[in-house]
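In what comes next, subunit A is part of two complexes: it sits with subunit B in the first one and with subunit C in the second one.
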Partner chain A sequence: MFNLIVRRLCGAAATFVMATVVVFGAAFGLPGDPARVIAGRRQVPEDTLRAIRLRYHLDDPLPEQYLRWMGGLLRGDLGQSYASRRPVTDILLDALPVTVKLLALTLVIEIAIGATLGAITAGRRGSRLDNGVLATCVLALAVPTFVVGAVVQDFFGVRWKLLPVAGTSSNLSYLLPACTLAVTGYAIATRLMRSQTLAHQSEQHVITARAKGLSESAVTRRHIVRNSLVPFVAFIGLEIGALASGSIVVERIFNLPGVGGVVARAVSQRDNALIIGFTMAVIATYLLVDLLADVAALALDPRLRGVE
Partner chain B sequence: MQRHVRLALAIPLLVVAASCSSDDSSSDSSTPASTASSAASSDSNAPADTSATETSSADSGATSEETTAASAGAPSNDVSSFSVSISEPAAIDPGLSQEVEGAQVIRLLFQTLVSLDPKLAVVPGVATDWAVGDDGLTWTFNLSPDAVFSDGRPVVADDFAFAFARAADPDFAAPASYQGLPIKGWADVSGAEPSGAIGDEPVAGVTAVDDHTLTIETEAPFALLPKVLTYQMFSPVAADYVDTEAKAAAFAEEPIGNGPYKMSGPWEHNVGITVERSDTYAGTAGVTDSIEFRIYSEIATAYRDFQAGELDIARGLPPEEIKDAMETYGDRLLLTPTGALNYIGFPTNVAPFDNPDIRRALSLAVDREAIAERIFSSTLLPASGVVPSNVPGALTTVCDACTYDPERAKALYESAGGIPGNSIVLYDISDDGQAGLEPVINSWRELFGLDVEVRSFEFAQYIEETAAGKPVGPFELGWVWDYPSMYSFLSPLFESTSDVNNFGYANPDFDALLEQARTAPDEGAGLPFLTQAQAIVEKDLPLIPGTFGKDIGVVSEAMSNVMVDPGALWRLELIGVKG
Partner chain C sequence: MTGAASRRTWVGRLARHAGFRIACVLLGVVGVFAIAPGVVASLSPASSDPLECSLRASDGSYQDRMAPSGDHWFGTDSQGCDEFARVVHGARTSLQIGLGAALLTTVIGTVLGLIAGWRGGWIDAIVRRFADVTLGIPLVVGSILLLSVLVDGRRTPTQIIVTLAAQLWPGPARIARSVTRTIVQLPYVEAARALGASNYRIVTRHVLPNALPAVIAFATPLVGLLIGAESTLSYLGIGLQVPSVSWGVMIDDAQSVYANSPFLLLFPGLFLVAAIAGFILLGDALNDSLDVHLERG
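And now, the complex of A and B:
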């Protein structure tokens, strides 16, 4: 098991380095001169541009900029944002907790509701409830996030004044965005749990457990639900990636100062330092979560441990 | 099937409602209503300004949510405050600022040598008086001995000399550095190789004679210098506020200024900036104790917060909401003409656009009134010429080729020989999408049978595109003045020597008139030359004037004396909160 983890870790490191090259190339490959963007939406004389290019090393060859950036990375320095001149790590540390909070709450909401509804509807196949939940899942997948966001803002914030419309003034502020973001994942989680539960109900070990005379609740808890949750570990790993991109929209709508909003602005401002720093942070997080998901799967499913 | 669909619509809302409300009760004991924090933050102590003319609170169309907003935030202490939306500023260090969002904050924190009153006339700032020598080159500013920074330290002439050296320094790379170019020695500093230290190279023309006397020498006579010096980049900065990298970084987050307000804490990026009245400010004190800037990434979100009663001033409105907002808020919706021009420019040195008659014909085919009214719901004004008519001295009559006259357009187009191939490329560079361009394109197609291919570009991209000498066509762009003067339109846009003249336009008569305006004994004396120069440009028409800008925003009922100046700057220091 230890070897397996080390192997996966090396693989993740190699993927990360390759990703730095790709991200660097892509960021600098975008059309438009960052110096002009830094100067604002205004045409400025050449001297001003020259000073900006010197200040940000924009005239240096790309490989040189890449090596400087990698050198900085080893010292924990991701460079300085073009637009705000703040250290990228500072911006990241400001934004990360917001996004982590949002994503964590979203995951809790979608899994809590999804797993519960999935398990319940599996037990009542074909019932009205089952069909109704199926319909909500189809709808949840079909309606775009920004529509859901605008609707919940309008009802819960503007009309009923139950929750803050936007911002992060209290922990309550995270509820509407998390609910909005959870809509898609809710549908997937529900369907996943339902099909898993159904599949496990006729498994031999479940039949054996029943034959041994275990109570139905113990069978469900120990043999069906536990096994049905194994794929959820993989689901969380993948879902975090999906949520991270979904959060760009949600953070903008709800004015959360998280990673998504910063990245969206960085791209529109051609803030390469910020784009690269943030993209790499997201990739690193993703690789790490993926790794943890694998380890968690090993812990949950002893059969996998034999595979070397 | 029918039933399932309806059920499907109902359930997600229920699920969301259930999950939200359950979490809500567990995570926070306070009621959601109380989190509508500052809401109207009305306060009994606020000096009620009776001269409030800009906004009227009388609004018959008040909806229930507004009433709530006004009554909700019961005053809990004696501090008056209000909240206003901005987008994340590029900088609040005056040296690094180049846009209005940052300026909104900086104007409260800092005072320049000379200031602009709400009508944009030049008035004393830190300098109590100023004069230019007989040579028209050397300006002497007498500084008020009462001027102090918010930490109590006196503002001296050296603080200006240092701020200027810093803004000119290539190590600092100030985005608006070019503003200082009329000052003698500025170009030598900004054009030099970076030394590694910021502000180490003084600008030759700027001299601190003593603590309270500053002289500024210009390269050539320049009557408009005081107006240029109102730009936020020319705010005073004491050298030891920024003499180490760490201090400079802290200054960028929480600048120490000499204005009517000071920072209440560091800038919370993407969240907000709060300022409070500075006790050390010797000028007219700010009316409200504390002002909270809330940072929004979307205008639509700010507007929702305003509708929910959680924001007092929403600057900007989502275009699709403007009509409704006009009806709902009446007088509390503010539309202020600003110094902004949207236009379609021509490369006047490229055929067939080198023919003034072609340019005039294309301009006569544009129905500006219809565009401003129907496409932009009157949130823009039809342009009457190349300088917004609210700029002092600007021509207020509609220029000859700025009317909509299809007959004349057609005749002129034909007599000028038309455009070869009847097809052009139009570059769309502005932010506003193509809403304003479509009627123009349709009109050209109808009248001239002209085939228009639109290519959308980011501004930075377009500049590269044209700089590379590739084939060019007309382009949609805008211009906003740097300081409120006709000169700030005419010189950068049209002078043959200007770095940012994109039209390839050169007219010696025009250049001569601008030179006369610069060398006039004062700005007023130079004005007639600028007016004449405007007439020349409008005859040559290197661009098709489209619309003049307007600033738009809504304010809560608790606000009084709300004023937006034609520079699109909300005069927040004047706003009161009704008790």
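And now, the complex of A and C:
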């Protein structure tokens, strides 16, 4: 078990190093003038470009630049935002609590609804309810987040005035953005739970449990639902990446001062230092969550420990 | 499943699939729009050119953001363009990007997966690590990095296709790799090799046909995902820009005027959803009926 975890950790570290090469190579190694990239391709005098080159050591050989950049990363230094002149790390950390709150609420909503609907529909396979839920899942997967956001904001916030539409004045402000963001994830969670439940229904230990006279609700609760929830650990790991994408859209619609909102603004300001720093932060987070999900899966399911 | 049903071929299973029939209707409509936008758009009394717009009608009255009417079936947008013509013409751009990116993704992924699974060793290790890195960067984040940092000036559909495919190839690569590794060990491949078949012949005759059903079932809903991704990139300001006519560009335009003219968002949104749902349903249907294990009984 310990060896497995160490091996996964080394794998994640190797992936991270490779990611730094890819991102650094894309941003600084490809043909084109990085100074112009940092300047956001605005029309700037040659003097400014020279100052930028000096400041970011762009005239040094590429490997030396990479090592300096990498050294900064390891010390938690993601560089300096070109637009606000503040360290990227500070900007992202300031915005992080809002995004963490939003993503946590989103995950709770999509897993609670998805697991419940998936278990119910699997129990009544082929019924009108099953078909209806599956149809709404396809619809939920098909509607882009920004369309859901605009419509939800208009109805719940502007027309019916039930919930706050923007900002973070109260905890209620997170409800609409989280529900919007959860639309895609709940559909995936429902489909996952449904297929898991169906697969477990005909397994030997479930048949044994039925044969020994356990009530149907006890079989479902103890033997089917509990086992079906195991893949959700991996689901959370994968979903973090999708939610990082989604939060950029949702935080822009609902004007939340989170990481996604900061990035959306950086895109329109062409603040490339911030975008590159953010990309590295997301990769690190994703790898970390993925690693934790792997370890959690190992802890939950002893059978996995024998693999490899 | 009864004996008759299991004997039916995958075409027969597909034809009886409820989701497949709905998908055909949805994709049929969108497909006709994309193939002959000029013909469909000219059905309405308004001008059928999505870019020929004027703020004022011939009688001098303003005609921007007019509600849907007999003349302008879907209303007019902020520039006074006919929204119906734009929705119809937008189908071509959205489908172009969706199909193009899905095709490129599938080709890159399948080739890399085949090579990795066939060669094994360090080539396999590198491809897998690259796939891990690629999967670690969320689609929107990676697209922002590639399109906003690297691309200068006006973005073209090709740039968007390449950006999306560069990030999504690990999916088909994993499928192709695992199928290749399974097939390579089978006795008939060994027999083929003993008979002197070249690597090329074994890959094209034995490996590829076995990998294709799974790859196609993966790539079909991917088209829908990519159409959605194109519109999301437009919304974030890193996708196509005006004067390109795509549903994403139109929806982005409509956001700011949603309170007064919701129809400008709802009409392109409706067809966007129809196209994406069509590809998801088609993918589900293919997944159910192309199932390799079912085929083998």
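Rule of thumb we're sticking to: the second predicted complex is superposed on the first by the 263 of 308 C-alpha atoms of A that agree within 3 Å, B and C clash if a C-alpha of one lies under 4 Å from a C-alpha of the other, contacts with A are read in each partner's own complex, and residues count from 1 in each chain.
Everything that follows uses one rule, which is that contacts are C-beta pairs under 8 Å (C-beta built on N, C-alpha and C of every residue); 3 or more make two chains touch, one makes a residue touch a chain.
The model shown is predicted, which means the values in this text are computed figures rather than measured ones.
Residue contacts after overlaying the shared chain place A:V23 against subunit C, while subunit B stays out of touching range. By the touch criterion stated above, A:L139 is placed in contact with subunit B and with subunit C alike. After overlaying the two complexes on the shared chain, residue contacts for A:N272 are found with subunit C alone; subunit B is out of touch. Look at A:S245: by the touch rule set out above, it reaches subunit C but stays clear of subunit B. Contact with subunit B, but none with subunit C, is seen for A:I113 once the two complexes are overlaid on the shared chain. By the touch criterion defined above, A:I224 reaches neither subunit B nor subunit C. In the superposition on chain A, contact is made by A:D154 with both subunit B and subunit C. When both complexes are overlaid on chain A, the residue A:A14 reaches subunit C alone and has no touch with subunit B. When the two complexes are overlaid, the chain among subunit B and subunit C that reaches more residues of subunit A is B. Touching of subunit A by both subunit B and subunit C, each in its own complex, is seen for residues 32, 37, 41, 138-139, 154, 158, 252, 264, 270.
Interface of subunit A with subunit B (complex): residues 31-34, 36-48, 50-52, 54-56, 83-86, 91, 94-95, 105, 109, 112-113, 131-133, 135-136, 138-140, 152-154, 156-159, 161-173, 175-176, 179, 182-183, 186, 251-255, 257, 261-262, 264-265, 270.
Every residue of subunit C that touches subunit A in the complex is listed here, in rising order: 19, 129-130, 132-133, 135-142, 144-146, 148-150, 152, 224, 228, 231-232, 235-238, 251, 255, 258-259, 262, 265, 269, 272-274, 276-277, 280-281, 284. Across the complex, subunit A meets subunit C through its residues 11, 14-15, 18-19, 22-23, 26-27, 30, 32, 37, 41, 138-139, 141-147, 150, 154, 158, 241-242, 244-246, 248-249, 252, 263-264, 267-268, 270, 272, 275-276, 278-279, 282-283, 286-287, 290. Interface of subunit B with subunit A (complex): residues 4-5, 7-9, 11-12, 15-16, 19-21, 23-24, 27-28, 30, 32-33, 35-37, 65, 68, 88, 90-91, 96, 98-99, 170-178, 181, 187, 190-191, 194, 249, 252, 269-271, 294-298, 300-302, 304-305, 307-310, 431, 458-461, 463-464, 499-500, 502.
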